[in-house]
Amino acid sequence: MEEARLIKFLSWIEEDVVFWDETSRLLVPAGAKAIGRVLAKAEGVVAGVEFVEPLLRRMGFEVDVHRRDGEAVQPGDLIMELRGDARKLLEVGRVLLNVLMHASGVATATRGLVERAQRHGAKVAATRKTLPGLRALEKMAVMAGGGDPHRLSLSDAVLIKKEHLRFAGGVGEAVRKAKEGTSFTKKVEVEVETPEDALEAALAGADIVMLDNFSPEDVKRALDLLKREGLRDKVVVEVSGGINEENVEDYARLGVDVLSSGGITHSARALDMSMEVIPL
Amino acid sequence: MEEARLIKFLSWIEEDVVFWDETSRLLVPAGAKAIGRVLAKAEGVVAGVEFVEPLLRRMGFEVDVHRRDGEAVQPGDLIMELRGDARKLLEVGRVLLNVLMHASGVATATRGLVERAQRHGAKVAATRKTLPGLRALEKMAVMAGGGDPHRLSLSDAVLIKKEHLRFAGGVGEAVRKAKEGTSFTKKVEVEVETPEDALEAALAGADIVMLDNFSPEDVKRALDLLKREGLRDKVVVEVSGGINEENVEDYARLGVDVLSSGGITHSARALDMSMEVIPL
Amino acid sequence: MEEARLIKFLSWIEEDVVFWDETSRLLVPAGAKAIGRVLAKAEGVVAGVEFVEPLLRRMGFEVDVHRRDGEAVQPGDLIMELRGDARKLLEVGRVLLNVLMHASGVATATRGLVERAQRHGAKVAATRKTLPGLRALEKMAVMAGGGDPHRLSLSDAVLIKKEHLRFAGGVGEAVRKAKEGTSFTKKVEVEVETPEDALEAALAGADIVMLDNFSPEDVKRALDLLKREGLRDKVVVEVSGGINEENVEDYARLGVDVLSSGGITHSARALDMSMEVIPL
Amino acid sequence: MEEARLIKFLSWIEEDVVFWDETSRLLVPAGAKAIGRVLAKAEGVVAGVEFVEPLLRRMGFEVDVHRRDGEAVQPGDLIMELRGDARKLLEVGRVLLNVLMHASGVATATRGLVERAQRHGAKVAATRKTLPGLRALEKMAVMAGGGDPHRLSLSDAVLIKKEHLRFAGGVGEAVRKAKEGTSFTKKVEVEVETPEDALEAALAGADIVMLDNFSPEDVKRALDLLKREGLRDKVVVEVSGGINEENVEDYARLGVDVLSSGGITHSARALDMSMEVIPL
Amino acid sequence: MEEARLIKFLSWIEEDVVFWDETSRLLVPAGAKAIGRVLAKAEGVVAGVEFVEPLLRRMGFEVDVHRRDGEAVQPGDLIMELRGDARKLLEVGRVLLNVLMHASGVATATRGLVERAQRHGAKVAATRKTLPGLRALEKMAVMAGGGDPHRLSLSDAVLIKKEHLRFAGGVGEAVRKAKEGTSFTKKVEVEVETPEDALEAALAGADIVMLDNFSPEDVKRALDLLKREGLRDKVVVEVSGGINEENVEDYARLGVDVLSSGGITHSARALDMSMEVIPL
Amino acid sequence: MEEARLIKFLSWIEEDVVFWDETSRLLVPAGAKAIGRVLAKAEGVVAGVEFVEPLLRRMGFEVDVHRRDGEAVQPGDLIMELRGDARKLLEVGRVLLNVLMHASGVATATRGLVERAQRHGAKVAATRKTLPGLRALEKMAVMAGGGDPHRLSLSDAVLIKKEHLRFAGGVGEAVRKAKEGTSFTKKVEVEVETPEDALEAALAGADIVMLDNFSPEDVKRALDLLKREGLRDKVVVEVSGGINEENVEDYARLGVDVLSSGGITHSARALDMSMEVIPL
């Protein structure tokens, strides 16, 4: 919600300001006005603009958006322009760039995988490997890059991992227990380690099967088993573990539905930007 | 402060849990106990352990730390082990890894620069280009990697940037105004764009001069100007802008004091880890 | 998460205490110890115990639980016993009862519907008509009463209501748009107002169809249409609107899957309880 | 205070939204405008409008209020109309109804008792048996229904209950201790279990005596004792315990001053309402 | 409530620490233990010990209290001793002293007035002129000094000030309106500016009359008017405005009930203390 | 940051209001408008206006400022005027005065020292002896009075106190360790107890030496030692401990740089003010 995001954004600025901006207090006249122009310094996909725009307005800035979430930028492109109190602009500037550069980095990394995966009809999805406190921002950035956000939290959907199986018996039994016990509004996904377990999961009624750290050969074998049993259309097949721009097509071309990647969130390089400040 | 960090850490877990962990509710018996073993899956420098250890204890886990902040790890190394309620362990697990992997990624990136810079007697410093909400965690990770945290916030020290100069006149005038107006407990740093401005800053009494996006040649020229005026020892010289493992020694060997990098925080690759969960 | 619940619980006590408990300050000796015995004063199903128990322990009380969530009670039954500082016990007492009485009222109302619905193999589900701030507590109480919590929030699952259709075209189009646009981890539900729309929804691939304010006759007609098209097993059929103990079986016996009710949360009568305080 | 209420209201919306409204994201165009019309679906007394109106304005909606707190409504009556961003309206809609339906339910239940009690010149009062987090909202709703809010919190006034007497000696002694020790700005009330204790309380100077779970006969005896000692005018007599629409006049006609009821807050049925959404 | 106070106390420490204690990080070994001895450096009355003691324990310190709230101290007296982690002790030390010194300053100033007033049987009361954020701490300190805390907040009791009279008609009318409209659990006080208004207030049924900025002569005249009408025992008479150690007896000896002072909270000199830290 | 200050200011009002302003509810018509005129009742220096002005505007008041932070006032002078909703004005009034009176008291006390110290070219500085929760407000008030705020928090600068020396060896060793270990952006200050230690500190490279509780004679001796070693210009000399209006010149005239005082914050008398409320 916008208000919750505003509170978070203000806490990020507060983390940077703490008491006051000592430099602006000394050198920028109280009441001075300025324009801030956010410029791309690298090529990539923009994200985070949708997140910050309403917040900046509520902080009293006039805002012109030149690139929306999901749009491509080249070095030198103007992304957004804000206008308002100069001290406040300088106070918010670094945090604004930190948000936009990170979100755009995530979107750019996502787009890199998406472009390759969709040649073969597969989707790219994120994981819960997001940076602490940035879950919503990163999931939105993944969508801006064309990806699927996957589960947003532990209460969204059931995802049975190998850790759970140690408490819950075999794949089939765990899936059946989960289907029976969870709400009819939720899907049940299970992470498996062998093609045979993938089949067992599908037979037990899993909505989604995640093939964890499979070689392309094992993925193929899992898909074949599912097809042989007439279950391929009943279950979404997701592949996870070490997916990157080099190997994503090796998996995608096998006919899986979804490729998920932690790296697009936890290891995205920031998309470089700067803010030019012009006194009015 | 430990308590403030605990509140932050809990909010990160809350972001991941929201209502409850639906999968554990269904499959992990209430009251079950487990061990969680955090293992390195790549080579690097550990950080974040100091941050999370007291918090995990206060959440009721027994914790054994095997690698402390700043220590090196190889794939397979045990970093820490926690023991406690199984549902709670699963609830906290992903966030714990997200914190450790990111902090260790920052420390590893920092160490990469530090090893090169210190061959020439130079320090590596971070910037304010930290991810929103993670300022303290990342600055601590930089220190674990052997780096200098630099300013922690806008109220710590004066750092006059080119944006301020547009409101405050020339470099020399701005430095003098700042020295006069700020507390005697604070240092005054100024970012400059030419060797001549570096000299002007030093003459005006700046404690630190940051050479922003200088070529090695211009850095050399700036240092020569300072030496010629007998000012080299009166001022800390920091170089910033595009510093990376490839070029850091080109600058360090010129005799600058500090090399600062935004990339060690905003674009650090996570150091891969996993948590093995063993029922008790 | 336990910690988040503790913060909420403490804020509820704070709302009641504000500055301090003036009566206890005057009449209860500092340091006195006491036992508090929570007793049922009416017949029903207990809930909220699971919610408060760990919180009371963390506040320093010894706690013995005699009735767990979902268990039946008769007037006079002991539900839980706590032991600790007398002033603190008196400070927490009223809020503790307010929580338990409300949660147990919700569980009792749910159980009333569940017992009738399950004779016909139907489930009972809650809605988002929960009291503000009590979402998790009430959803847990619904589960204690044998009900399905349904969506926990607006980000959990897609539920297309008639308000959305005004912006999104017909039922079929809206369902298709939603299926295509939402994450593969989420189900898509749609609220319909005619049997024909129910069919259209199922044809478009809805996972769940909610028949809103249907008469039993219209429910029957909707089910017949779905069966005729071979879609009855592809879609969960939920009936909503004015479900109560009197009419729930009229719907359940028609063969619907789920009956949802706002009244079990927003209009549940508290299950009466008292706390006897015994000085130690 | 308005600002504190806004924060609370936003936290209630946040509880419902969590990350974002997935359905509106998919089906409602960004920037679309709409009208929301809140309509009564049952007969009763409105409350909560005064609470939400300024908050909705501060969230950017235009608001027209058609029924104020304390006014009667019939099914179909328009209570309020809001106009603004369609996605935001849908985001806030359910919570708004949850607040208004509950508050109006409390006001309606209160009015039911008030109409009967005031025939005999008695007041109706609430208790501290309010739902957690809703103290202010419910106390305002009680006033909208014509009731007295009674103590707002434990720091407002002294109310000696039987639990305190176990630590503090007899009724008379406890009252004297409280009168002596509390601020001259506070009243002292005491809960008694026999007519004789009521007299002892009055003799000791209690400002208010609460006859707890008295039969009408015992109430009469207590009043007679007070009159006989010339104390009837010196003390407010409150009756509490199981007061409802059936028995309220049996007590009120005896000449007591106040009848208090927990049921008007903890067991009020919601007053049914709906919100019609019209795209603009 | 203890928990709410802990959160406040931690926020005060956080205000002082911000990121970390840089000096202790450099010079105090991690894990070192120490004793902290809080010593009085001036004569006065201790307060704040009751406030901080449970909080310090919950932070993990062992605490020995040597002087309780309300006890007198001489320079050199040991007030409390805490034992625990040395870094944490240094982190908390300054804030602890800031709290104790201020609270004890308030208690000492209160005691100064109380000793004089009670010679004549009058009480001393505080006002709402408390320092922002410190209401509960200062009201407790006033009680430690033997004073009456007066109203704790705007929702506690009715106090009609001259600002209200401008909206509400004359003194008598305002008092009657307030008595009729407020809860039977609250007292009604009115601030008056002439002896005649004091009489009007008492005739209208005010529980407390505050003579605002009256000369001793006017106080006497007000008391005489009340006595003449037989109202002196029906109303508490409070005198306010410029009360200090010099003039308090001039008012007290006239037979007023309460003397209230803003200065005991807003202008109290801190009672000087220090904390000696001894490594273990 | 303005937003963080607003949240703090609102929490202060909330502390005073709690549920609602019962008196205004009864006597001030909803929707009435009023002017509030803040008037000085004593002579002094104004502060806090800069802090509250933007906050009052954001709460919906029109604000005219007649005296800015740092300006002198005489009794009767108009400081600020606000215009808006009458109930809200009364709700905010007391807290507003509590803030302004305290901040102005701090500024006035500071100015008293500053005027005397600057005759001899010395600065006056505050300490960390600020009232809990009021650090930023008081440091701003000190600046309004012409003083230096000194360290804002424990993470700003290194200040080695005698407590640290017990863990860290002698003065020289501690200073060297701190200089080596802390960031190049921070100054290192050390508190010493003898003239010889002052010299040792300066020799070790301390940026600032604080002479703690020195007699004027010892201060002189310390300065002489520093001059003799040619170090007087390399180090800032601060004197602390019992500085007041009587003795400040005795120290200042010796040629020290800074005189710091805890009393200007922890024991400042409030500057008396009142708010006149005029209905519109």
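Note that the chains take the letters A, B, C, D, E and F in the order they are written out, and that residue 1 is the start of every chain.
The definition used in the following text is that contacts are C-beta pairs under 8 Å (C-beta built on N, C-alpha and C of every residue); 3 or more make two chains touch, one makes a residue touch a chain.
Remember, it's a predicted structure, so these values are computed and weren't measured experimentally.
Interface equivalence for D-F, evaluated over B-E, B-F or A-B, points to B-E, where over half of the contact pairs coincide by residue number.
Chain pairs A-D and A-B differ in how many C-beta pairs they share in contact, with the greater number at A-B.
Centres computed as Cα averages put chain C at a distance of 23 Å from chain D. The distance from the centre of chain D to the centre of chain E, with each centre set as the mean of the Cα atoms, comes to 32 Å. If you average the CA atoms of chain C and of chain F, the two centres end up 52 Å from each other. Look at where the CA atoms of chain A average out and do the same for chain F: the two points lie 45 Å apart. Multi-chain contact residues of chain E (touching two or more other chains): 17-20, 91, 135, 152-153, 155-157, 186. Of all residues in chain E, only 8-9, 11-12, 15-29, 32, 86, 90-91, 93-95, 97-99, 101-102, 105, 128-135, 152-161, 163-164, 166-168, 174, 177-178, 181-182, 186, 262-263, 266-270, 275, 277-279 touch chain F in the complex they form.
Touching chain F in their complex are the following residues of chain A: 10, 13-14, 17-20, 59, 88, 91.
Interface residues of chain F, counted against chain B in their complex, comprise 123, 125, 148-152, 155-157, 183-187, 189, 208, 236, 238, 257-258.
Interface residues of chain E, counted against chain C in their complex, comprise 1-4, 135-136, 139-140, 152-153.
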